[in-house]
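Two complexes come next, and they have one chain in common, chain A, joined by chain B in the first and chain C in the second.
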Partner chain A sequence: MRNAIETRGLSYRAGSFELRDVELSVPAGSIYGFLGPNGAGKTTTIRLLLGMARPAGGAIRLLGHEVPAELPAALARIGYVPERPHVYGALTVAEAMRYHGAFWPDWDGAWADSLRRRFDLPADRRVSRLSKGETGKLLILLALGQRPELLVLDEPTDGLDPMVRRDVLTAVLDYVAETGATVFISSHLVHELERICDWVGVIDHGRLVAELPIDAFKSGVKRIRLAGAPPEPSDAPFTVLSRFDDGLATGETWVVRGWQDPMRQYFTGAGATVRDVVDLDLEEVFVELLRSSRHAVR
Partner chain B sequence: MFEGVDARSPVPLYEQIAARIRVAVAAREFAEGDALPSVRQLAASLRVNPATVVQAYRDLEREGFVEMRHGAGTFVRALPESKRTEERTRQARRLVRDLIAEAARMGIGVDALAEALRAELEQAHA
Partner chain C sequence: MFQQMLLSGWRSSRWVLAPFAVAALGLPLLAMRTAGTAAREIYAPGQAVLMVMEVWAPLFPALAALLGIAVALAMWSWDHGGRHVYALSLPLPRWRYVLMKMGAGAALIGLPVGLFWIGSLMGVWSVDLPEGVRAYPLALGLRFLLATAIAYAAAFALAAGTKRTVTWLLIGLLVFVVGGSLIVDVIQPLLGVDGLPTPLDLLDAALIDWPGPFHVFGGNWMLVDV
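Up next, the complex of A and B:
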């Protein structure tokens, strides 16, 4: 099994929202960041993957299982943390763990309890009385306690304070180091994913805009400051995502994808001077990609 | 030792981690036979992908700095003095390269930079 998650031509429609031809390839053993602004289709994609919504078309494979035909076999091996808590408030933490564990064949009660202590969650506290951060930790604990081969996390740290975010991510990374499990993590918090992901998929307006190893994603996109008359970009050896005169310096600024240093010749040959080539961080690449993909759609 | 490992930097995280360890080995912060932190420990404490740490350790092994013993851990190898010197030279060149690039961005010419470097060095050794 090369890919833990694979979709081909995945489509879905609800009202005016449309997911079109989403083709995900999430390599087994990777930590895959599924990035997109709010409303881009992240949660919808996850719900389709896990059988909670019915696609209008396309194929899904999870851990080698065809979905929906073999969904139960796939779900038995998947830990899922939804965007909103799904635990009964009347149960205590210990009861919630026993209840959840009863559904999963590989539930490891002793390990789950050691996580509970590491997370400082009181066993006898009612779920309804947990703080937001404690609830977040409980949900991660429940998913990890299943000993899943694939973890699907939908905005797992959204709204949590930095201490809790750190605890949660550390627990996930520790589990990955131990087991080699695949993690599919959706977020609009780009910086958080920058440290931990080795693959990135970007979704916007229901379309997958990019899917790349993170180093390729970051290294190929540059901001280039130019002096002199910039040539028309039709024959450029790279893709121009955007070009503008920001008024901060003389000349234009271009944001390009697929840049390699010998491509400077392209500008010098056209009578322009490359003043500076600046690297972008993940968030800037993300913003530029969205800008250019939205521009292309219009 | 791993302070300032920066995910936003264009230098890949595995390369940043490997670079820190090379420096530590060259500076004798690690002695022959010392164990590096386990992949799991280091990934959790830096909050990076374990695969990133593995890649850093593999690169260091290929370069002869460390030895990965299956199931036991990763250990610093005996390094000839020449290799330590070579590594320090490499780091020095890199620092200067970064400095030159930054100066160029500010429109500072090579002569002005060399003069400033000389003055600062004199002051540092005064």
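Up next, the complex of A and C:
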């Protein structure tokens, strides 16, 4: 199995929102960051992947299982943390763990209990009385206790304080290091994903804008300050994501994708001077990518 | 799995079950105590007991209906609150989850139903029945069980749907009853016939008349009878 998650031509429509031809390929063993602004379609995509909503078209394959035909078999191997807490509030932490464990064939009660102690979750406290951070930890605990081959985390750290966020992500990374499980994590907290992901997919307005290894994602996008920039970059060996006046009379700034250093010659040939080539962090790349994709759609 | 489902069902419905359990135990007991008092104070004790029972009898099917509906709603409350996300993420076929949930609720209903039967027995034992009058605690208990189960099953099926589904269902029913009645009112004089069945007549025939599922609510609910 090369990909833990594969979708082909996945589409969905609900009211004015539409998901169009999403083609995800999440390599097995990777930590895949699914990035997108609020309302881009991250949660909808996850709901479609896990059979919680019915797609209008396309095919889904999870861990080699066709969805929805083999959904229970796929779900038995997947740990899922939803965007909003879904555990029954009237149960205590220990009861919630027993309840959850009853449904999963590979539930590891002893390990789940050691995680509970590590997270400092009181066994006899009702779920409804847990703080937001404690609830976040419990959800991760339940997902990890299943010993899943694939973790699907929908904004798992949204709204959590930095300490809890670190605890949660450390637990996930420890588990991945131990088992080699695949993680599909959606977030709009770009900096957080930058530290842990090795693959990135970007979704915006229901379209998958980019999907590539994080190194390629970051290193290929540069901000270039130019003097005497050519008016039309039609024959450029890279993609211009955006260009704008840098405020100086003589200069322009371009954000380009697919940049390699020998491409400086292109500007020299066009009579321009490259003043500076700056690396962007993931958030800047993300913003530029969205800006360019929205411009292209328009 | 079922044991855990039962536990969660108990947690979500115990405060709903508690008043019903008290009422199920107390109503038949109270009915018989009242009947016993009337039998002692009125010249024709047999007739007095039957008259008191006729007053109390409609409360039993009402209690059964409310109990069934309340437990069904309580069983689904957690799922609706969490938009069914937890249930949908479980690695088992959905029909199996629904059946287990339904079974857990049905098992929980056994508690007030059992108490109703005990209350009926205690009530019958606590009163000296006048001559010519007989007690039917077992039959009434079975009738109560059946009525509760039917109310529970119907409410469980309705509550399983989304708000939108239930709203459309109710709108459809309303349109059928009101629209159908208007059509019957218009057609009857045009055709020159009388006594065409209205939608309410059809519903009554399908659901309440024998062998309709809700027929049990309209039968004999007397704890003591001739």
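Basically, the second predicted complex is superposed on the first by the 293 of 298 C-alpha atoms of A that agree within 3 Å, B and C clash if a C-alpha of one lies under 4 Å from a C-alpha of the other, contacts with A are read in each partner's own complex, and residues count from 1 in each chain.
Just so it is clear, a residue touches a chain if its C-beta (ideal position, glycine included) is under 8 Å from a C-beta of that chain, and two chains touch if they have at least 3 such contacts.
Not measured: the values here are computed from a predicted model.
Of the two partner chains, neither chain B nor chain C is touched by A:18. Once the two complexes are laid over each other on the shared chain, residue contacts for A:108 go to neither chain B nor chain C. Looking at the shared chain after the overlay, A:84 reaches chain C, while chain B stays out of its contact range. Of the two partner chains placed around the shared chain by superposition, chain B is the only one that A:215 touches, whereas chain C remains out of contact. With both structures placed on the common chain, the touch criterion links A:95 to chain C but leaves chain B unconnected. Legend: residue contacts after superposition of the two complexes on their common chain; A:252 is shown touching neither chain B nor chain C.
When the two complexes are superposed on chain A, none of the residues of chain A touches both chain B and chain C.
The touching residues of chain A, when paired with chain C in their complex, are 50-52, 72-76, 78, 80, 82, 84-91, 95, 98-99, 102-105.
If you check the complex, the residues on chain C that touch chain A are 1, 3-4, 7-8, 11-12, 78, 82-86, 88-93. The residues of chain A lying in touch with chain B in their complex are 29-31, 166, 169-170, 173-174, 176-178, 191, 194-198, 215, 218-219, 276, 279-282.
Chain B meets chain A in the complex at residues 7-10, 12-13, 39-40, 43-44, 46-52, 105.
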